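The chains carry the letters A, B, C and D, assigned in the order they are written, with residues numbered from 1 in each.
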Amino acid sequence: MNNPYLPYPVRIAEIRVETEDKNLRTFKFEFLNPGDEEKFAYLPGQFAELSVPGQGEIPIGIASSPTEKGFVLFTVNRVGQVSSWMHNMKAGDVMGIRGPLGHPYPLEELRGKNVVIIAGGFAVTTLRSTITWLLQPENRPNYGKITFIYGARSPGLLLYKEEWMAWEKRDDIDVFVTIDREVPNWGYKVGFVPAVTKEVCPPPENTAAVICGPPVMIKFTQPVLEEAGYKPENIIMSLENRMKCGLGICGRCNVGPEYVCKDGPVFTLAQLNKLPKEY
Amino acid sequence: MSDFEPKIVAFFCNWCTYGAADLAGVSRLEYPPNFRVVRLPCTGRLNPKFIMEAFKRGADGVWVSGCHPGDCHYIAGNYHARRKFILLHQLLESIGVEPDRLRFSWISSAEANKFQAIARDVVEHVKACGPNLAFRKEELKLGLAEVA
Amino acid sequence: MPEYIAKKSALTDFFKALSAGRRLLTPQGAGDQCRLAETAPDQVKLDYVNTHMSPKTLFFPQTEKLMAFHKDASKPDANIYSCAGDKAVPTVVFGLRPCDARGLSVANKVFQNDRFTDPYWKGKFDQTVSVGLACAAPAPQCFCAAMGGSPYGLTGLDILAFRLEGGDLGLKAGSEAGEALLKDLKLESADLAAVFNSQQAAAIQAQGVAPDYRPIDEANLMALFQDPHWLSTAENCLNCGVCTFFCPTCHCFDIQDEQDEKGGVRMRNWDTCMSWLFTVHGTGHNPRPSKTERVRQRFMHKLKYIPLKQDGVRGCTGCGRCVAMCPVNIDIRAVALKMCQSSAPSQA
Amino acid sequence: MPALEDVAKKIRESAKRLLAEGRAEVVVGYRRGTIPLTTAPFFARTAEECDQLVWSNFARINLANYLPGRKKVALVAKGCDARSAVGQVVENQIPRDELYVIGVPCTGMVDNALVAAKEPRPIREVVETTDDSFTLKGEGYSVEVRKEEVLRRNCRTCAHRTPKLADELAAPEVPGATPDDFADIKALASKTPAERLAHFKDLIKDCLRCYACRNACPLCYCPICFVDETRPQWLGKSNDPMDTLTFHLLRGLHCSGRCTSCGACETVCPVNIKVREFNRILELTVQKEWQYEPGLSWDQKPPLTMFQTDDAAEFIK
């Protein structure tokens, strides 16, 4: 019987320090067993449990896109026991990943629409996956205008610099990267994400917004979008809660009757408006 | 049990016993190597859960040593510690931990000879108790056939 | 389907046949020592109230190993988890109370949900034949009928036994597997429908007038959630979690790794929504920071969230354990009534 | 033998008066339970709510547990509970002037396990009018039980049944019982260490680690209990006997010199573990070493917050 608790063994192929405070590292994993990569078939927005033997598991959004073959990427913030342990691991070490878990962003339903993607801080991980996926030649024609708004406190806290700099050069995506306060030699925007959103977000007609960020950013960006005329059905968010099983069984991540792990983590604002704010 | 070499976790105050161990070493006073030393700023820092953790993870003995009463670097740390030790000592003895598994001593940084003597004594007594099989966590049952 | 009779004089033979090729578990011991234990066919008791703990322990023990790894670096699979769960043993459990059987069927839909199947639960669940014993006389804390069940209910059971005058056991199938098994046992068949129905009616009546909790089913989720009564409902709660540990439908668990020099195991242990630690984020943010939210979570889960997810079936089966065990007498019946009032249209 | 209803009347009168005078904003007392043999902690904030306050032979929970952090609170307290409340004032969990103690001299509370042992038939109703006996009723039976036969262990040896430091008493003073002689604890010395360890492991073998004992204890008010600490995590969460034993030992140590033997921990234990065994070992030591009993004065310092330069500890060489 398929055991959804059992992680696929993976080898750390590469570790990249993402931020200047060194609290975020991106882990590139390669599957040890042939066939596991195919079994781990995922879509942008899904997450996985990263498993360190003897230490435990942590639920982390998948940062790579399924169109990137041969590896999967996860960006891990140093917070607790497992993530701190992972920050001391090296390329070549063996651990496990379990998933994919949760539902992806509803990219199928967004076909034909404009998409505005709003990210704050290190919550950009699954949005990196989304943009990478959208920009694939086989996918890009299926979508309208794509706008990417990404903010962090300072330049050193922005993830995936190479990627977003490359996206910026393209003409099939509008990229707006912002930091909270002006610093010398900063060639991009300055200001909080809600303010930048107000300034650059496209009209709501035939457009959906995907937001991922810290609670305070979401709290102030959501009204901006609603004022701009976005309907709650077209505002898509990804929630986080403490999780263990990831399978909708162990009981802790529920928001009302919905389990963030199994029924989420992706919800529309319309769905969330009907649920308790227990996240 | 003659070849049984106990594992003993030693909690030493930085200002006295830890120095005494150092001095004993420098003075080439031989003492048994069965200790894993945890250096504390003061025995007052010793939370009983540290001792429990040592036993839980399979230590055969625990040795706590600090400054003589009145000599605390922090004036009263070891006086407070002493009251804790009185209770802990009584509690563990009452619930059935062999008294020889848990040792307390006062050794100043000058007392290298006392350190050597007590270190030998602690090991001897823990050896006499034999391995700690009862006051520790159960061994994990992996259930993997290939692991002996 | 006809019913069957196991004669008083041949009960031992019945239990012997029932447990052929399986271990037989039945309630043994009295009062708070009453628990499911392996039983010889001639030692089955019929005069107990109910087991102290709920029978979820059968499929979901308090601590359960999920997988293990070794640290022998000379082997290629060092530090890689592999499945090491205990093998499920073919079992027949006799003497489940209908409330508990119904509870197991609720939990079963969580462990085998719309997306995932828990192999540890399923392994044991599938290997077990569930035989219930109907409750002719309810205990003081019983309220299964009020929660939509019956002391003679068949939900979650392969077979339900009920006592007949003179000491014989009436047997009624609750599932196809149960029906097949009863046929195999070559018992005398009989039409006991009338006896069954009158016994059931008397047993339900003995529980007293059942309050009507349907307003909760009809109420708006957020109206129930936001009602101010939760503050006073939770005020005396100790947040101990006894209710959750004893509940037949509570299924929450924690996953923990432990290791030593040779290897490590990943296990799951019962957890409780009453615990502060249950929901706290790595950042320190806690979506359910005080006991008020945690108490609300438990009752909303039982009486609103589970019904929403399981076609109206409540997560409380009226076994009464939490009522009997709560140190501060938080009575789910009283809480349910408060929820009914909070959902009244005048206040919604 | 004061009638329970008379005591309840006094409690209600006091509660109403304190609320009316503004001396208290909430009165923490007991109400009737929804099932036999129980009461429930109850928080009265209006005169109307005060009418639900009762006194009973089943008022076991120590309500001082609800004090930390509260303001303007009146507490219905037995001897042991009042001592816990005093301890909380001493330990700065509640300022003295925010607390008003309605003391109830107590002749002990009932151990339901002993009742169940005496009367295994289902009990549908309990009738209690006085504090020395009560009547159990069930299907076709009615039996009277004398309370002293089913008292909790801690109540049988309670020397401080009258809450002497209460602001007022709701019933006449009662004499204390003969104090605990700790005979069983002292007798442990005649057993071998292996026998003692086996005894204590057996004692806690059914422990579910629900921590009801901790949560019911008025001494356990740490914002984060050591069992919930995660970095490092001091206790495994499985049912390993050593983890369970560690919990009970450390809980005992944390309560040493502060425990008033209110018995709340044993009362709430869902599997009837005599968890006070660990506390009693330490209680005996505290009494022997430092002649200290907690909760008997407003300005007494707990023994573990102080020391004597000549504290005797022969075992430290």
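What we mean here is this: a contact is a pair of C-beta atoms (placed from the backbone, for glycine too) under 8 Å apart; a residue touches a chain by one contact, two chains touch by 3 or more.
Please read all numbers here as calculations on a predicted model, not as lab measurements.
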Looking only at C-beta pairs in contact, point me to the busier pair out of A-D and B-C.
B-C
Min distance from chain CA centroid to global CA centroid: chain C
Counting only Cα atoms for the centres, state how far subunit A is from subunit D in Å.
51
Here the gap between subunit A and subunit B, centre to centre from mean Cα coordinates and rounded to Å, is 49
Suppose each chain is reduced to the average of its Cα coordinates; what separation in Å results between subunit C and subunit D?
32
Note the residues in subunit A that touch 2 or more other chains, in rising order.
80
Scan subunit C for residues touching two or more other chains and write them down.
69, 82, 254, 256, 258-259, 264, 271
Residue numbers in subunit B touching two or more further chains are none
Go ahead and list every pair of chains that touch.
A-C, A-D, B-C, B-D, C-D
What residues of subunit D sit close enough to touch subunit B in their complex?
185, 188, 191-200, 226, 234, 236, 240-243, 245-246, 249-250, 252-253, 256-257, 278, 281-282, 285-286, 289, 303-304, 307-309, 311, 313, 315-317
Subunit C contacts subunit D in the complex at 30-32, 49, 52, 62-63, 137, 139-141, 232, 235-236, 238-242, 245-246, 254, 256, 258, 267, 269-272, 275-277, 323-325, 327-331, 333-334
In the complex of these two chains, what residues of subunit D are touching subunit C?
33-36, 38-43, 61, 65-66, 113, 116-117, 120, 122-124, 139, 208, 210-212, 214-216, 224, 228, 230, 236-239, 267-268, 270-272
In their complex, what parts of subunit C are in touch with subunit A?
66-67, 69, 79-83, 110-111, 113, 115-120, 122-123, 221-222, 225, 251-259, 264, 266, 268, 271, 273, 278-283, 285, 287-288, 293, 297, 300-301, 304-306, 308-309
Within their complex, state which residues of subunit A touch subunit C.
1-7, 9, 32, 51-57, 79-80, 83, 94-96, 215, 240-242, 244-245, 247-257, 262, 274-279
